[in-house]
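Working notes for the structure below.
As written, the chain order gives the labels A, B, C, D and E, with residue 1 at the start of each chain.
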Amino acid sequence: MISIIIIVFGIIMIIAAFLAIHLKNLLSAIISAGVISLLASVIYLLLAAPDVAMTEAAIGSGLTTIIFIFTLKKIKKGDLDD
Amino acid sequence: MNIWIKILYAVISVLVVTIYGLTLGGIVRKIYARVHGRYGPSVWQPFLDIIKTHGKRVSISHGYMFYLGPIFRLAGGLGTYLFIPVIFGSVVFSNFSIAGDLLLVMYFIFFGQLGMALGAGEGGHPYSPLGIARGLSQMTAFEVPFSLAVIAIAIQYNTFNLTTIVAAQQGSILNWTLFTNPLAVVAAMISLLGMNMHPPFSIVLAPQEIPIGPPIEMNSSFLATLQTNRGLFTAAKLILFMNLFFGGATNLPIMIIKTFLIYMFSVFVGASFPRFRPEQSMRFFLKWPTLIGVASIIFIAYF
Amino acid sequence: MIKRIFILLALVGLVLMFIPFLRDFDFHKELSKLSSQYVEGSINDLNTQNVVTSVIVTYRGLDTLGEVTVLFLTTAGVGFLLRKKKASLKTRRSSELLQTASQFLFVLIILTGIFIFTHGHLTPGGGFQGGVLITTAFLLLILADVNLKFNYSILHFVESFSGVFYVMIGLFGFLILGMNSFLDPTILPLGNYGKLLSAGAIPVIYSLIGLKVGSELTTIIDKMGGE
Amino acid sequence: MIFSLILGFLLLIIGLYGMLTQKNLIKIVIGFSIVDTGTHIIIVSIGYLSGKTAPILDSTVDLANAAKQVVDPIPSALVLTAIVIGLAVTALMLSFVIKLYQKNKSLSIDDYQELKW
Amino acid sequence: MVNPIYILTLSLAAGFLLTLIDKSGRKLSLTVFYGILSLNVFIIGEWFYRLTFLNTPTVIINTAGFSAPLSINLQLGMQEAFVLLFANLTALLSAVYLFKKFKETHISGLILYLIMIVGVNGLVMTRDLFNMFVFSEILSISTYALITLTETKKSLSAGFKYMIAGGIASTFFLLGVTFIYYFTGNLNLDFIHLGNFSNLGFISIFLLAIAVFIELKPFPANGWALDVYEAVDSGIVSVIAVVNSAAIFFVFYKIMPILPQNFLNVFGIAGVITFFFSNLMGLKQKNAKRLLGYSSIGQIGLLVASLIFTMHLPRSLMYLIVGGFFFNHLIAKAGLFWITGIVKKENLKDWNVLKNNKPLLVLFGILLFALAGFPPFAGFWAKWEFVKMLVHGKMFFVVGTILLGSLFEVIFLFRWFTLSIKGDEKTEHKNISLELSKMFPTTIFAGITILISVLIMKFFYDFNWLHALPVLAVLIINVIDFLPSKIKGILSLAAVLTYGYLIYPLESNIQLFFGIIFIIGSAINIIGTLNRKGKSEGFYGLLLMMIFSFGNLLVAITYLEFFLSWEFMTISSFLLILRGKKAQKASMLYLIFSTAGAYLMMVGFSLAPDLVSNSVLILSISNVSLPIAATILLSIGFMIKSGSLGVHIWLPEAHAEAESDVSPFISAILLKAGVFGLLMVGISYIKHTPSFDIFYWIGWIGVLTAIVGAFLASFQEDAKRLLAYSSMSQVGYIVASIAILSHLGWLSAMYLSFNHMMFKSALFIAIAGVYYRTHTRTMYEMGGLIKKMPLSFISVLIMIIAVSGVPPLSGFGAKWLIYSSFIEKGWYLQAGVLFFASGVSFLYLYRIIHTIFLGQLKYEHQNVKEAPIWFIIPQYIFIIGIMAISMFPNLIIQPLNSIAMRYFNSSIIIDGYTISSSLGYWNGNLVMYVTMGVFVVPLIFLMLFNGRMQKVKQFNIVYAAERPESPQTTHVAHNMYAHYRKALGGWGKPRIWDFWHEVSEWSHSLADSIRQLYTGNGQTYILHIIMYVIVIYFISGV
C-alpha cells in the first residue's frame, strides 16, 4: 500500500522536477518545485516521520516557495533600488 | 753552475741565433724575389734595415704602453728562445731550459704577442686592432692542431721535457717524431704555416687591406726592435719544431740545416698560395689539421 | 556540445556511483543500538514522548543550537546582502476587509504556533514547525500589505533574547550539573510522563527555539519580501 | 523503503542536471532545492523500518517495548536540521540572485564569468 | 582555566545580542566584538599553553549530561588548541584589519564574522560527524554573506559560485554522514570503526571524505575558490584562505583515522597534483590576489599530501612537517593577502609602488620568503624533512612533482617580488596610505613568522650559533641603517674579520684554504664598497649575510647545516643582485636556477647515508659513500652554482646586472662555493668509487664550459658580461680539474680557484671604477682611458696576463698544473679542448683591455679621472697577492699540495722552486728572473738610444694621409671578432639560451592552456566537482 502511494507520488514528483527545471515561466517552475516538497512531506508522513513531514510542509513547500516568489517579485518589479 | 757563466752563454746563444734568424729572413726575401723573377735585396738586407730604422731622426711615441710594446715583443722572443734547449748536449746552447718545459715555451710565445698587441693598440690606429683581432683569432685556430700535436708528443714520450723529447729521438733517423708519429707532425707543420704568417695565412699583415697591420704606427727604434725580434723569434720557433719533430740537433750546422729546411717548407707553400680571408683561415685550421691532430692522439694513445 | 556530453557523463557517473546503494542496500529490521538507547532514554531519563524532540533538543542539542545559529546567520546574511542605503517608505493601503481578516487570522496562527512548540515534547512538531507558523502569520500581514509597521525593536528583542536565553539555559546545566551538562534539560524537574509540564527544560528550550526561529524567519521574509 | 530511496537519488540527479544545464540563476537555485529535497528523502528512507510507527511514544505505544515498535528517530532529527539549513542556504542564494540582478540586470549565469583563469 | 564551551557560547550570545547592542552605538558593539574575539584568543591561548607545556591531558566535553556517543562531545587537545589558537588569532587580526569596514558597515557584518568564528571553533572541536556538518554550514553561510562586504559584481558572482560549489559539497557530506550512521550505527568519530564495513560503507566514507576534500580545493575542482580569492576584500579573503582552510584541513585530519589507506593514497597524490598544477598555472597569473589564490590552493594540496604521507612518522617529526607547512602557508598567506589590500593594486606590474615604501616592502619580503619556503622560515624545515622522508620512502615521483611545483611557486612569487622592487619606472608613484589598523596585523604576522622560525630552530635542531649569524647580521645592520654607508662598511669589514678570527681554528687545511678565499677575499672586496655614497640601506646587511653564509659552509657539520648556509647564501646573493638597476630579469634567472639547484641538492642530501662522525661535513663526508644518484644530484646542484655549461645562463646576467661593487663578490667568491661543494662530492666519491664514472662526464662538461665560456666572452660588448663569461670559462677549468680526481687535478683546481678569486675580483673592481667614472659598461663607448686611469690600466694589464696564463705570472702555474694533470690522467682530447679555450681567452682579454684603455679616447671622457681610491686599494692588494705567488709559487703550491695529499698520494716533487710532475717541471722563480732579465735589457737599450722620442697627440697617426674624423669611427671596438663569429657559422648560435627560453615558453603556454579549465562559469565549476568526485571514486576503487 505504502509502496504504491510512494511510487505514484514519486512519478508525479519526478515529472514536477522536470517541469521545475524546464518550464520557461519561472513562477510555474517555482510552484512545481513547491509541489515536489509538498509531496515529499506526504511521503515523510508515510515513512513514519511526522516531525519531518511537518517541517517539510512548512519550510520546504511553504517558506521556500514564498522566498522564491518574493525573489521573483523583486526581480520582475525592476524597481530595485541601487 | 755559476749564474754569470750561464748568462754569458745565454748571450752568446742569443747573438748567434739572432744573426742566423735575420740571415734566414734575408734569404727568404731573396727566394721570393727570385720566384717572382726579380733580383731581390741582398741577403744582409735585414741587418741594414735594422740599422737604418734605428737611426731615424724622428721617433714618435703614443704613450707608455706603446713604448713598452716592442720591448714586450722582443722580451717574448728572447724568453721563448731562452727556454728552449737549442742544441742537444751543448752546455752553451742549453739556455735556461731548466726553468720549465715545453708548456712554458708554448705559453711564453704569447708573452710577446700580447705585449705587442697592447703597444700597437695604444697607437690608436684602426689598422692595429684590426690586424690584432685577425692575428689573435688565427692564433686560436692554428694553436689547436699544434697543441693536439704537442699532446700527442707528450703521450708518446710521456713527458713535456724538451731535452728528454730530443733525447728520445736520437740514434736513428727513424726515431724522429716525423717517422714515429707522422700525423702529429703533419698537423704541427700545417699550423707552422699559420704561425709564420706567410701566405695563405698572411691575414694579419695583409699589405693590401690593412698595410702591415699591428705595427703600423711603429717607427724608428721601436720598429728596429721588432725587426730584431722577427729574426730571433722565427729561429726560436723553428728550433722548437726541430726539437719536437725532427730529432733536434747535436751541433750548430745540423741545427742550421734542419731549421732552414723547415722554414723552406712554409716559404714554398707561401709562395704558391693566395691569401685566405680571416674566416676561411680559421675554418681551415679548425677542420682538417685539427682532425689530423685528433687522429694522431687517438693513434698514439690507443694503438 | 562537448559540455553537454560531459554533463551526461557526469550524471551517468553519479548514477553508477549510487547504483550499489540501490542494488545492495540492506534495510535494517531493528533499530540501531544508539537509537534504542535514545528511545529508552527518552522514556526513562527525559520523560519525553516525542523521541525526535528528545534527540533534537537534548541528545543532539548542540546541533540544534547550531541550526538556530544557521538561521540566525541567514537573517544576518540576508540583511547584510540586501542592506539598503536608505529605507524607502512606500505605503499602499489595501482594503479594510482584507486587513481585518488577516489580523484575525494572524492571532489565530500565532496561537497555533505557540501551541505546537510548547507541545513539542508530546506531539509531532516543535520549535521549528511552530516558529514557521508564527512566521506565516507575519507573512500574512506582509501579503495583505497591512501598513502595520513591524515593531522591529520587539522583533529584534525577541530574536536576541530567545537566543541568549537558549544559550543561558545551556550554560545553566553546565554550571549547575557539571562540565558535561551543557544543554542538559534536567535542570528543571522532569515531571510526569506525557504531561505538558514534563521533560525538564525541553519545552522551555523548544519554546525559545520556536520564538527564535519565528522571529528569524520573519526577519528573512521581511528582508526578502518587504520594500 | 527502497522506492523512496530510488526516488531520492533520482531527484538528486535531476536536481544536479538542472543545476548543470539551466542558465537562469533562479532555475539553478531551484535545481539546488530539488537536490536538497532528494537528499532529505534519501535520509528519511534509510531511517524507515518497515511496519513500525513514528517515534512518538504516546499511549498507542507499549512503553516497555518501545524500541521494537518505532522507526529510527535519528534520521528524522538529522533531516529536520538539514531542512532548516537548506532553507537558510536557499534564502541566501536567492539574496545573491537579487543582488546580482540589481548590479547587472541579468539572470543568466553566462553573464557572470569575467572572473576566470 | 576557562572551559572551552565558553568559546562557543560567549561568541554566540554576543552574536545574538549584537543587534540590540548596536542600537546604543557602534562603539559599544565594536568593543564587544573585539572583546569577544580577544577573549577567544586568550582562552585558547591558555589552553594551548597548558596542553603543550604543562602536559594537561586532552579535555573531552560531553553535552546534555550524556556521554558520547549518546550526546555530541567536544574535544580539546594539543592539536585542536594549536589550530584554534592560530585560527582565532588570525580571525582577531583580520578583524583588526577590517576595522574601518566594520566601523561603517551594517551590524550584520560583525555578527556574521563573530558567528563564523563560532563555526570554526565548533568545527575543530566537535567529534560528531553531523555536528561537523552543522558547524561547517555555519562557517560557510557566514562566509558566503561576508563575501559581499565589498559589493561588486565580481564579488557577488564569485560568492554565488562559491555557494553552489559549497552546496554540492555539503550534499555529499550529508549523504556520507547519514550512510555512515546507517552502516555503523554511530555518528561519533571515536565510535566509528572500520572493522566490518561492507562495500557500501566504504562508499559512504568516500562520500564524506570527498566532500571534505572538495572543500580543500583540489585541482581542477577549485575554480570557485580562485574566483573568490580574486574578487573578495583582502580582509575577508585572508579569513577564507586561512582560517576556513585551517578548519577544514583539521576536519580532514580528524576523519583520517576512519579513512581506508587506499583513499588516503589517492588523496595524497591528488594533493600533490593540486600543488603542482596550481603552481604551474600561477606562472601565467598577472593578478596579485588570484596569484595568491593559486599559491594558496597549491599549498593546501601540499599540506594534505604532507599530512597523509607523514602519518606513520613519529609524532614530533610529523608535527614539524605538517605544522611547518601549516604555519608557513597560512600565516604568510594571510599576511600577503592583507598586503594586497594595503597596496590595492591588481596587476603585478603596478606593484612597484612598493619600492618607495620600505616598511611595507620589508613585511612583503619576509612573508614572501616564508611562503616560498626559504630558511629560516618554517616551510624550509618542513620541506627539508618532508623531502627526506619521501626520499627514504622511495616516493621519487612525489618528490619530483612537489619540488617542481615549488620551483614554479618560487618563480611566480619572486617575479612578483622583483617586479615590486624593480618594476617599470613609468607608472605613477602614488604613495600607499599605511593605515595602522591594516599594518598592525601584517606586522604581527611577519613577527610571528620569524618567531616560529626561531622556535623551530631551537626546539627541533641543535645548531651552532654561527648559523644564526647571517640572519642576525641582517637584523643588526637594519637597526643601524641610518648610519652613512662608509661607517657601516668599515663596521662590516671589522665584522668579517672578526668572524674570520672566530672560525679560524679550523679542523683542516682545506677549510682554511676556502676560508681564505671566502673570508679574506670578501674582506678585501669590501674595501671596494666603501666608495658608496649615501646610506645604501640594506646593502651591508645582505653582504654580511652572504659572507657569513660562505663561512658557515666551511664549518657546517650536518647536511642540514650545510644546506641552510647554502640557502642563506642564495637568498642574500639574490637580493644583492636584485639591487642592480636593471636586475629584475637577471636576479630572477639567478634565483630560478639556484632554487632548482638547491632542490636537487636537497634530494641529493636526502639520499645520502647518515654521517658517522661529528666533525665538519667537508671532512666527515669522506666516510660516507654517496649513492650514484646523490652524487649526480649534488654535482648538478653545485655545478649550477658554478655556472657550468647548460645551466650557466643565469651567470652572465647576474654578474652584469648586479651593482658594480657587488659583481666581484658574485663572480670571484660565490662561484667558489659551487667549487667547494663539488670538491666535497669528489671527496666522498674518491673514497667509495662507484662503478659508473660520473666525474668523467663532469670533466667533459667542465671542459666544454671552458671553451664555450671563452667564446661567448669574446663576443660581448658589455665589459661586465665579458668578465662574467670569462668567469664561467675559468670555473669550467676548475670543474674539469676537480673531475680529474687526482692529486695534480685537485691541486690545479684549488690553485686556479685562488688565482681566479684574485684576478677576477681585481678585474671587476677595475671595471667598477671605470663604470663609476664613465657611466657605461659598453666597451666600444670607451677607449683610450689608459691616459686617464693609468692605475686601473696597470691593474687590468697584470690581471689579464694572470688570466691568460702567460708566464711569468701565476696564471701559467695554473695552466701548467692543469695540462700536466690532464695528460697524466689520460684525458687527451679534453686537454686539447682546454688548449683551444685558453687560446680563445686571449680574444676576450685583449678585447677588454684594448677597447677600454687603448685606442682612441672619446671626447666625453676627456675629463674623467682615475678611479676612486677605494677601488684602487683592493686591486693593488690583489696585485700584490698575484705577484707574490708568481714570484714564490711555493707559497701556495706547498699548502695546496698538503691539502691534496690528504686524499691522494702526492704526484709532484718540490725541490727549491722547481716543481716537477711525472711529465715536466716548472721553476716559477727562475722564469720570473729570466723574464725580468729579457724585459729589462731591451728596455734599458731603448731608453738609452731613443732619447729623441717625442710624444704626439691622439690623432697624430698615419691614416691614409688624412686626419681621422672622430674617435668613434677610429676606435676599432664594436663587434671586434665578427670574422670569428662568421667562421663558427652555426656553432655560434646561442642554443642553450634558446633551449631554456623554449622551456620557459613551453611551461607558460602549458600553464595557460590548463588554466582555460577555469572558464569562470559557475556551472562548469559544478561539473568539475562532480567529474572530480567520479574520477576519484573510480580511482580509489571503492
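FYI, contacts are C-beta pairs under 8 Å (C-beta built on N, C-alpha and C of every residue); 3 or more make two chains touch, one makes a residue touch a chain.
Predicted model, so just to flag it, every value in this text is computed and none were measured.
S.K.: What chain groups remain joined by touching if subunit E is not counted?
M.R.: Components, subunit E removed in thought: A, C, D | B.
S.K.: What chains touch subunit D and also subunit E?
M.R.: Chains in contact with subunit D as well as subunit E: C.
S.K.: If you average the Cα atoms per chain, which one ends up farthest from subunit D?
M.R.: Centre of mass proxy via C-alpha means gives B as farthest from subunit D.
S.K.: Using the stated contact rule, I'd like to know whether B-E or A-C comes out ahead in C-beta pair count.
M.R.: Most contacts of the two pairs: B-E.
S.K.: Of the chains shown, whose Cα centre falls closest to the middle of all protein Cα atoms?
M.R.: It is chain E that sits nearest the middle.
S.K.: Just curious, how far off is subunit D from subunit C if you go by their C-alpha centres, in Å?
M.R.: 16
S.K.: Which integer distance in Å separates the CA centroid of subunit B from that of subunit C?
M.R.: So the centre of subunit B lies 107 Å away from the centre of subunit C.
S.K.: So the centre of each chain is just the mean of its C-alpha atoms; given that, what is the distance between subunit C and subunit E in Å?
M.R.: The mean C-alpha positions of subunit C and subunit E differ by 55 Å.
S.K.: Please work out the Cα centroid separation of subunit B and subunit D, and write it as a whole number of Å.
M.R.: 98
S.K.: Counting only residues that touch at least two other chains, what does the list for subunit D look like?
M.R.: 1, 6, 16-17, 20-21, 46, 48, 54-56, 70, 74-76, 80-81, 84-85, 87-89, 91-92, 94, 96-99, 103 - these are the residues of subunit D that touch more than one other chain.
S.K.: By the touch rule stated above, which residues of subunit A touch at least two different other chains?
M.R.: 49-51, 55, 59, 63, 67, 70-71, 74, 81-82, in rising order.
S.K.: Give the residues of subunit B touching no fewer than two other chains, as numbers and ranges.
M.R.: none
S.K.: If you go through all the chains, which pairs of them touch?
M.R.: According to the stated criterion, the contacting chain pairs are A-C, A-D, B-E, C-D, C-E, D-E.
S.K.: For subunit C, which residues count as touching subunit E in their complex?
M.R.: Counting only subunit C, the residues touching subunit E are 3, 6-7, 9-11, 13-14, 16-17, 20-21, 24-26, 28, 32-35, 37-38, 41, 45, 58-63, 65-67, 69-70, 72-74, 76-81, 83, 153, 156-157, 159-161, 163-164, 167-168, 170-171, 173-174, 177, 179-186.
S.K.: Under the definition above, what is the set of subunit E residues touching subunit D in their complex?
M.R.: Counting only subunit E, the residues touching subunit D are 130, 134, 137, 141, 144-145, 148, 151-154, 156-161, 163-164, 167-168, 171, 174-175, 177-179, 181-182, 187, 223, 226-227, 230-231, 281, 284, 1008, 1011-1012, 1014-1019, 1022-1023, 1026.
S.K.: Using the touch definition from the top, list the residues of subunit D that touch subunit E in their complex.
M.R.: Those residues of subunit D that touch subunit E are 12, 16, 19-21, 23, 25, 28, 32, 35-36, 39, 42-43, 46, 74-75, 78, 81-82, 85, 88-89, 92-93, 96-97, 99-100, 103-104, 109-110, 112-117.
S.K.: Sort out for me which residues of subunit B touch subunit E in the complex.
M.R.: Touch list, subunit B to subunit E: 7, 54, 57-63, 65, 67-68, 70-72, 74-75, 78-79, 82-83, 96, 98-104, 107-108, 110-111, 114, 117-118, 121-126, 128-130, 132-134, 136-137, 139-141, 143-144, 147-148, 150-152, 154-155, 158-161, 216-217, 220-222, 225, 277-280, 282-283, 286, 293-294, 297, 301.
S.K.: Contact residues on subunit E for subunit B in the complex?
M.R.: 784, 786-787, 793, 797, 801, 804-807, 812, 815-816, 819-820, 823, 826, 828-829, 831-832, 835-836, 839-840, 842-843, 845-846, 849-850, 854-856, 914, 918-923, 926-927, 930-931, 933-935, 937-939, 942, 945-946, 948-952, 954-959, 964, 970-973, 976-977, 979-980, 982-983
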